[in-house]
Amino acid sequence: MIHSSAIVSPDAQLGKNIIIGPYSIIHENVSIGEGTEIGSHCEIGLPTPLADNKELVIGKQSLIRSHSIFYAGSRFGDRLITGHRVSVRELTIAGENLQIGTLCDIQGNCEIGNYVRMHSNVHVGKHSKVGNFVWIFPYVVLTNDPHPPSSVMKGVSIEDYVALSTMSVILPGVTIRRGTLVGAHSLVSKDTNMNVLVAGNPAKEICEASKIRLQDGSRMPAYPWRRHFHHGYPIDVVEDWNAEFQDNEVRGVKK
Amino acid sequence: MIHSSAIVSPDAQLGKNIIIGPYSIIHENVSIGEGTEIGSHCEIGLPTPLADNKELVIGKQSLIRSHSIFYAGSRFGDRLITGHRVSVRELTIAGENLQIGTLCDIQGNCEIGNYVRMHSNVHVGKHSKVGNFVWIFPYVVLTNDPHPPSSVMKGVSIEDYVALSTMSVILPGVTIRRGTLVGAHSLVSKDTNMNVLVAGNPAKEICEASKIRLQDGSRMPAYPWRRHFHHGYPIDVVEDWNAEFQDNEVRGVKK
Amino acid sequence: MIHSSAIVSPDAQLGKNIIIGPYSIIHENVSIGEGTEIGSHCEIGLPTPLADNKELVIGKQSLIRSHSIFYAGSRFGDRLITGHRVSVRELTIAGENLQIGTLCDIQGNCEIGNYVRMHSNVHVGKHSKVGNFVWIFPYVVLTNDPHPPSSVMKGVSIEDYVALSTMSVILPGVTIRRGTLVGAHSLVSKDTNMNVLVAGNPAKEICEASKIRLQDGSRMPAYPWRRHFHHGYPIDVVEDWNAEFQDNEVRGVKK
């Protein structure tokens, strides 16, 4: 399952049933979990002194699409899925079920939770902290330098269930709180509240996110999105979400 | 004309005089018209269940530059020209003489007319409809989800002769009407009129596009652009445009 | 040091101690200085009639990372460093110590000074002029067409020590004067003053850049940045900067 044109270091640790596509390169300091597929034209485990001699760990059942580049020194849980031409620098520590879209550029030295989904062309600056079940849409930038260029690095924090819409910039040190939606083409310059919509340049709080209605005819609240959007999440996660909202309704709690 | 390092499926249908560059991969479910050139490091016809078993069709006299990726299931007319590292997903249906710039990311399930020119790094969301003679400049995003993430998909419509300037976002379901110019760095949240300039975040109608004057010393109207900009269009198209404006001038019609 | 899978034209002029990675292509009209390393999957020196038969010149001690594409007809001083998947078209004339980040797209026909640093995904339009010691951050676009599409090209000018923050667009013909900071997500539509902060859509002058304080506890001015940020610059450059500010302080001059 390793294409004859691929260049694989004899020191790379490969699990069972690994597929490696044509013209891909696997360096020595790499551990790839079983059942993982790596597309063509990739370079996996590029050495760098910044990796601190740490290896690159890719979890099981992952899929790295073609033309992607991963440096040594990062660690990904199981079921990582990437688009094409993804770039990931060293010391990125990510949970399970991460999706990284085509052309994403992850600068390293960052933490990413479980079930995070980045669409195409997301830029994650160093020192970013991204929680669980976060969505990040195309051309979003997580910045880190409050007065560029400088040596002061203030990463952003993105809490659970946040959605960052396309072409938004999160300024250094800002926290986007749990469940909040950042509207498209926004510049977020200060911490947000939970479960709200912020939008604009600079972004202002517009309303509670739950005021936004689903445009599917139901007029149900579109947020929290986990109440209605379950595509691709495993059954146990969805059951937890269903229970959460059922309980709240029984108890008369608005979420 | 097929480089010895290229990997070409024996089931791919190749016209005459095809050039395929080094380290490129052509999958089986592909039909490439005669006289087409494919650069190095490409992957053409990636299989996906979402392609519905449809083949990828690339028209005659096309040029796909290096590091580009096309999935199975799309169809392009003749004389497609792409930049480098283009990504095109399944079920993209495009007309003739399409130009797709370097780093463009076409998400599939979309329709694109004839003589459309996308500059670098354009993001075309699923369910977009792009007319004829449309220009799209760098970092423009055509979105589709009115409350991300959700299962509601409302593609945008871009009518003929529209120009979308750099770093603009078109929100879901919006129609940009014929001949309209969207200014740089705009967020367009509602349908526009025809032949106007809209700009800003959120975008507002500024004026009729014809009020914008050419900065070439002539002070002629810069729009409709087809009156003065003919670079790269075939003679019969330009003659139609010339006739259109001559007739209008004879009849005293302002366009 | 040339990988066996690389394709190198016998007419390419290679200095001593050149490294060329797997699956890379070096065309004939190329001159590469000694000590330069070229990563995997690159294409260097693509021929184009627009290059006017000029060769591509890469200076000594340079590093071009993987998946990058350079056309013939450009010229780079020594110690060029690029990220991955950089695209550079013909007739780009650049000084020494240039850094070009991952996914940058340099359209050619432009001039770039010494010690310029572009972060990821910068788009440099044709006819841009970039001075020395300039910083350009992700998703910045230097435009050139005042009424797209047209044949009128008005490149932007970026003077020495300028910093352009992420996701900013500089409109055609605009000059950003020496030492000025453009805030994130700005649209700059007219020439700026020197040593100021401009920000917003459209950008307005906010204050003198020296009013911005370093967020490192010192409360020192963050600009001019060369007073405090020396990372990666050679000793003689830093000594000049130190002398400049020492002299000013002795003479009581505020910079």
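Every chain is named by a letter (A, B and C) in the order it is written, and numbering of its residues begins at 1.
Here is the rule we use: a residue touches a chain if its C-beta (ideal position, glycine included) is under 8 Å from a C-beta of that chain, and two chains touch if they have at least 3 such contacts.
Fair warning: this is a prediction, and the values are worked out from it, not measured in the lab.
Novice: Can you report the angle of the rotation that maps chain B onto chain C, using C-alpha atoms only, to the nearest 5 degrees?
Specialist: 120
Novice: Please tell me whether the contact surfaces of chain A and chain B are same or different in residue numbering, using the over-half criterion.
Specialist: Under half of the interface numbering overlaps between copies: different.
Novice: How big is the gap, in whole Å, between where the Cα atoms of chain A centre and where those of chain B centre?
Specialist: The answer is 28 Å.
Novice: Any chance you could list the residues of chain C touching two or more other chains?
Specialist: 5, 23, 41, 67, 85, 103, 121, 139, 167, 201
Novice: Give every residue of chain C touching chain B within the complex, in rising order.
Specialist: On the chain C side, the touching residues are 5, 7, 23, 25, 41, 43, 46, 67, 69, 85, 87, 103, 105, 107, 121, 123, 139, 141, 143, 146-152, 154, 167, 169, 171, 187, 201.
Novice: So in the complex, the part of chain C that touches chain A is made up of which residues?
Specialist: 5, 22-23, 39-41, 66-67, 83-85, 102-103, 117, 120-121, 135, 137-139, 163, 165-167, 181, 184-185, 200-201, 212, 214-216, 222-223, 225, 228-229, 231
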